[in-house]
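Okay, so chain A shows up in both of these, paired with chain B first and chain C after.
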Partner chain A sequence: MRNPLSPSSLLAGASESSYVRSLVVGTVGVLALLGVLGVAFPESVAGDLSRIVFSTSTGASTARLAAPIVLAGLGGIFAEKSGVINIGLEGLLIISAFVSVYAASVVGVGNAVLGVPALVVAFLAGIAASTFLAAVFAVVCIEFKADQIIAGLAVWLIALGLAPFMSTVFFGGVNTPNLGVSVGWQYSATLVVLATVGSWWLLNQTAFGKHLRAAGENPKALDTVGVSVSKVRYAGVLLSGVLSGVGGSALALSIGQFVGSGETMVQGKGFIAIVAYLFGNYNPIGTLGAGALFAGLDAMQIRLQQLGYAVPDTLVQTIPYVVVIVVLALVGRTQIPEAAGEHYETEE
Partner chain B sequence: MSDSDSEESRGQSVLARVVAPFVDRSVAERLLISVAAILLSIVVGFALVLVSGRIAGCSSAAWTMPLTGLGFCYDPIEVYLVLFNGALGYPFAVGDPGLFTPGWTPFNLSFGLTLSETTLLIFTGLSVAVAFRAGLFNIGTQGQLVVGALATALTVLALAPLLPAGPVAGVVLIVAGTAAGAVGGGLWGAIPGALKAYADANEVITTIMLNFVAANVAYVLVLEVFRAEGSSVVATRYVPEYAQFRPWLFPASSDFALLALLGGVVFIGGLYYFVEHTSLGYDLRTSGVQAAAAEYGGVNAKLTTVRAMTLSGALGGVGGSVWVLMSEGRWMASIPDLGFDGITVSILAGNNPIGVLPAAFLFGVLKGGALEIGFRTDVPTELVAVLRGLIILFVAMPEFFRMIGRYTGVGGARGAGGSGSTEPDEPAGGDGGETDA
Partner chain C sequence: MNPAVHLDGITKRFPGVVANDDVDLAVERGSVHALLGENGAGKTTLMNVLYGLYQPTEGTVRLDGEPRSFDSPRDAIDAGVGMIHQHFMLVDPMTVWENVVLGNEPKSWGGLRVDREAAREAVVELSERYGFDVDPDAKIADISVGEQQRVEILKALYRGADVLIMDEPTAVLTPQEVEELYGVFDELTEQGKTIIFISHKLGEALSAADDITVLRDGVNVGTVAAADVTREELAEMMVGREVLMDPATSPQEAGERVLEVTDLSVEDDRGVEAVSDLSFELRGGEILGIAGVDGNGQSQLVEAVTGLRETASGEIRYRGESMVGKTRRDRIDRGMAFIPEDRQERGLVMSYDLTENGILGSQHDEPFARGGRLDWGAARDHAESVIEQYDVRPPDAEAEAESLSGGNQQKFIVGREFERDPELVVATHPTRGVDIGSTEFLHDRLLELRAEGKAVLLVSSKLDEVQGLSDRLAVIHEGEFTGVVDPATVTEEEIGLLMAGESLDDDSVEGAALHDAAVDGADGAEGADDASNDGIDGATGGEEGVDA
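Our next item is the complex of A and B:
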């Protein structure tokens, strides 16, 4: 094992595709510094900060907030690796968040359908809604050759209108009433870890993963060996729908409510997810790390407010967005798949 | 070129010259696609209203489907009648004898509200359009508008005490406020431009993030520093009456000023001239169409990117100025989604500045009509937000309409009217997409 802070290791991290390593090194470094400062000056801000960072409640809310970011980010990897840039992840999160809460309220918490508990039904309904919307997006992009960015924006804006619309139809307001139950953070954390490992396996260890990468990098080659490029791309986009559905449902059910005012409760997490996987350079593990970092920042600002620091909460909420911009400016050139964003015409 | 084509008859040549910039094949086709997209989204919205009316609970059915006898809580026909008729102040008599409502004038409250939305959407639509022409997706018009609006409100409030109250001071304040809005929005737009040019950061993401940042920072600034005393909402003080656009002819509560609309039209003309007839505009267009070729031709692509985003942000900022000086009279926290609607307007307009005018009016009708839907029906006004998304989705898939056109023979024939060569090769591509499945 090399010393992670040694110059040679840092140098390696800055070069080529070692974003993941620099991410890990950076995060560990900051945490270690904070820990040392916290132990040395327990009465200072650093002391409070380190207590926040290492407290279990921060960990719990990090897991809760990381779920939509990481899961949507993993979905985004599948879509983009296959050659379809899915900027509509935000919309998928919004629609699944609403539908999951709606399904739970229809079934009634505590009831079961065919032996399936209400919250599981809620999860499945959220996933189904998100996957359906992703399927529409896929048809529009692959069959009708729409501009992927504009179509993705449309997915976001449709969900941004549809979820509050349906909420008003069913519940008389853009916010749903609270279900009175919430899914614990342990479940979110488990889902996130399982999905990350599963995605890594699917991308790197299976034939499907190879096809997916080929569809994004060199669709012609894939076509030549007789694999349908559009089928692979459909699979990639649908997977992004499934994973975002899990993320959106987890977000809403961890609170037990859908909030539809303004930018809805999703509040840009779908876009942060895009940055998370870019930052992780399309690597599921890196996406998990980046997602946890962004979620951790968010969780920290919530705790800071609870401790009564006189920082206006709105200003602290802005930190993750600024970090995303800074990260994007620093990471900038990621290795975007060669054929991402382009339509592919099968040659006869 | 268009002149030589149209020398067959004098009348035709005049007409051709007037419409020449808009009537090459692609523009005619875009127009057709935009209209088709609107119609299709209305149809889907119709179905949505029906379905949600089936699920929502009500005591008596508002509409019963012919033949089936199924009852629905919402009447989609009424919704659209209220939407389009109401947006104009009910010029058409529905249910009453006669086609027109007697005593209807265009200077009514509802039509004023519609035109007010139209005016604001002209600016945000132009903002998105100019970035699109340079090949940039500016999703950040919303944030640029928020910053521009705040800059305007603060500038006017700061300058007002220095000048004697009166119409002259009003003109000075409006000009200064609008300039401040343009500078504020322009600077906010320059940030993602510079990040794109020099750090290769995707402008779609950075502009969306900057929207959140702008909203939050402006909110905190007003909450902590500039909040009006005794105000129950987070808002600045009102700017003086004489420094606001006056609602000539229209009722004051419509928040609409003809002068501002006129200003918007001037901006459309100016931007059209800039994009189509100046060398800077040429640089902008070429880097939008073919960045590498533009660079080869001596265009500084990085600088063009920053310039385009700055101009785009400045237009969004002016939209914010108009919002403050015409609609609200102050900066307040709940700023409507004008920037996002500007995306729809621009896409509907095919990113053509001239097209922004009808697109903004259409969207103004939708927004004005949404208010009427809220007053007169039980259908949630969020319907219009759904329509916005659907319109963008449908405009984004021209291939869909081409396919329909090919099957029915309608679209193809109309598209061919613009010029001799439609895409005869295109069907091969479309079929290829299906055969490989």
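Our next item is the complex of A and C:
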């Protein structure tokens, strides 16, 4: 009999293979090597690198950058496991980032609504906005059987246009003014860890997790045992909205501002989230690792720039995409749910 | 005592169609009941009424005498009626126990957790009780089709089913698995479960069922005890007329050499040798049957001959010309017709209508292709002629292939390929899923082709089919022929031995052949009883016995 909370069962149950375990071991190994090199040759590039990697400020910005990636990635797992590919995660992040800042400014930082502090209200508003947009996406895909990829792109494009537009309407510019407060990285890190553990539990230990998986693999099997495939899929997509909402809000509130110019402050993190969960093989813990890795590289790149190394940031930003192509092509271990992207209709 | 299931005057009308017309059906508790009929006789509709998928237009469903009405399969499940579909409803990457409890998971921690210990225990307990040998922790994708079927049965039992409905339960099983399934039936009925299974196979109904109800055109033709009925009587009930097929065809002068295969080796998708150094030849006016347990290289052999798979070594000569390195199109152009194993994968484009499907393979040729465009009028006429000659239903050239039943799809493919006017027909499982009336017709067409001097390479898992039609019968085992025998004299036991990879020494062949000749005619009816496969040549054997 296995204790579901013991670490070995956490990893074994979490991954079908040793895939995630080898990811973890590999990451730890690289970090250890870097640490040893840094200690041995403090004046070299390795020394600079190890100082960056093990500095608290890099850790802090990693946590901040990782939050939207990991949370949206976890959301993406729920949607895709249920059979709905949600490539609109980016749009969900954008909309929640803006709405959370807007809500905070409406309430006024330091004020409270019914005893709830403004920043909490801001979080909730961001989550509500993202969940609403996800609900629209779910209705279009599940009820009206639209193509999921096109609907997902629409979600992104709508948010990409709407958020800066609303910012212009309410604040007179695509960037909102800074709220003057920011949520500390510790909160982002805590949210990420809680969401990861919670998602893992939901997916692997609960009946809902089994239904989700069945809906994505063989919806007919689920239907014939009397569980509504649509309901399960709605739940999956709405969860992706909730989790992305947390991620987007955390991103904006950690800076205290919504930046709407160009690709907005989200800057493709929703797409990297998809990469992260594919890299993590639909496993929340793997997704956490992949998200932290991508965010860490980004944070390091910023630090290196500050130290005077001319690291091209655009090149660093392509790393996640290169990684996913390598993973999908060479490793080929990620297992896309059999019925992902397919509509399901009950026979009556 | 009331019957476990009593369907009382069930009529089910769809717009324009009466699928079931005043059907009565009574099934005793603890018995196995076969619902026999041709494709489209209304068997599945009737069972869907019992399972709550359809509401009857008229009539009552009674369980243990109580009238019940089911609005959905869920109601039927709650009332103890379980259905095992022909295509299993299992989630491949999940384990056996996860599949069994899906939707009814035992929970602990106030619903926050699936109680996997309790779930596993329930599955283990059930499989031990019914003598199923299933590993609860195995993934569905890793177990055999027979085991998957047992998982489906466990699913129904776990939900408290007393009545199990099985749709064509042997369609996907190997002969050994079929035997095991009959064993499972015994276990279940001993413990008071009632089984109704849908079938169009006579042999299966006779050997597995206690009682047989025959449906024809939505009407109950009669219910008989399996012990009191013969194959030919059943066949006549099903088809509505006497079914005759004479596999002992007139001897045919072998014509020119059409296909010559020398030392052929073919690898499967994993690069493992599936056909090893195989040699044979096939002449015009000859049918060469290939028998064997599925997966012994038949598919790869056929694919190599038809140009769908590269050969590893060896030579294939078709009408004197080497085919190695020739494309599929080259072979079609030279008059090689092919009835593929998987009709939905390779025989038809499911989303095309029959007009479009009818010209597949001939799309480059007159009269369909004219100066760079397709002549849809000619294509339509062609499809309509195939539909008419081969009795494809519904007779609508604009129907999508997807909307046809499996048997009708098969008839359309066979029709298209035969109408190509081929020199060589490579036919794999040509009558799979086809009802016996149509099977008889397709067999006649194969024999006509033979009489016209065409060559036929026939691969089938139905032993009586290959045995009845072939001039020579080759038995394949692990990519090699274990024997080439005369189908008229060989016994089923001998073929079984060859299929298992054992060779027959000459004495035993001759001895068996002599023995066979001695009892031939005198005891044809016994041969009919022995034939465990479906098809109707057993019935013919019985006919001969009566004549004698």
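The rule we apply is simple: the second predicted complex is superposed on the first by the 306 of 348 C-alpha atoms of A that agree within 3 Å, B and C clash if a C-alpha of one lies under 4 Å from a C-alpha of the other, contacts with A are read in each partner's own complex, and residues count from 1 in each chain.
To be clear about the criterion, a residue touches a chain if its C-beta (ideal position, glycine included) is under 8 Å from a C-beta of that chain, and two chains touch if they have at least 3 such contacts.
Only a predicted model underlies this, so the values are computations on that prediction, with no experimental measurement involved.
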item: Partner chain in contact with A:Val120 - chain B first, chain C second, else both or neither; value: neither
item: A:Leu160 touches, of chain B and chain C: first, second, both or neither?; value: first
item: Chain A residues touched - chain C or chain B, whichever exceeds; value: B
item: Partner chain(s) touched by A:Arg213 [first = chain B, second = chain C, both, neither]; value: second
item: Which superposed partner A:Gln205 touches (first chain B, second chain C, both, neither); value: second
item: Contacts of A:Ile142 with chain B and chain C, given as first, second, both or neither; value: first
item: Partner chain in contact with A:Val225 - chain B first, chain C second, else both or neither; value: second
item: Touching partner for A:Glu338 - first (chain B), second (chain C), both, neither; value: second
item: Residues of chain A at both interfaces, chain B in one complex, chain C in the other; value: 347-348
item: Touching residues (chain side chain C, partner chain A) in the complex; value: 53, 72-74, 77, 83, 85, 89-94, 98-99, 102-105, 107, 111-114, 117, 155, 159
item: Interfacial residue positions of chain B with respect to chain A in the complex; value: 48, 52, 55-56, 137, 139, 195, 199-202, 204-206, 208-210, 212-213, 216-217, 219-220, 223-224, 340, 343-344, 347, 380, 382-390, 392-393, 395-400, 403, 429, 432-437
item: Interfacial residue positions of chain A with respect to chain B in the complex; value: 87, 140, 142-147, 149-151, 153-162, 164-166, 168-170, 174, 223, 228-231, 263, 267-268, 271, 274-275, 278, 312, 314-315, 317-318, 321-322, 324-325, 328-330, 332-333, 345-348
item: Of all residues in chain A, those that touch chain C in their complex; value: 1, 4, 16, 201, 205-207, 210-211, 213-214, 217-218, 220-222, 224-227, 335, 338, 347-348
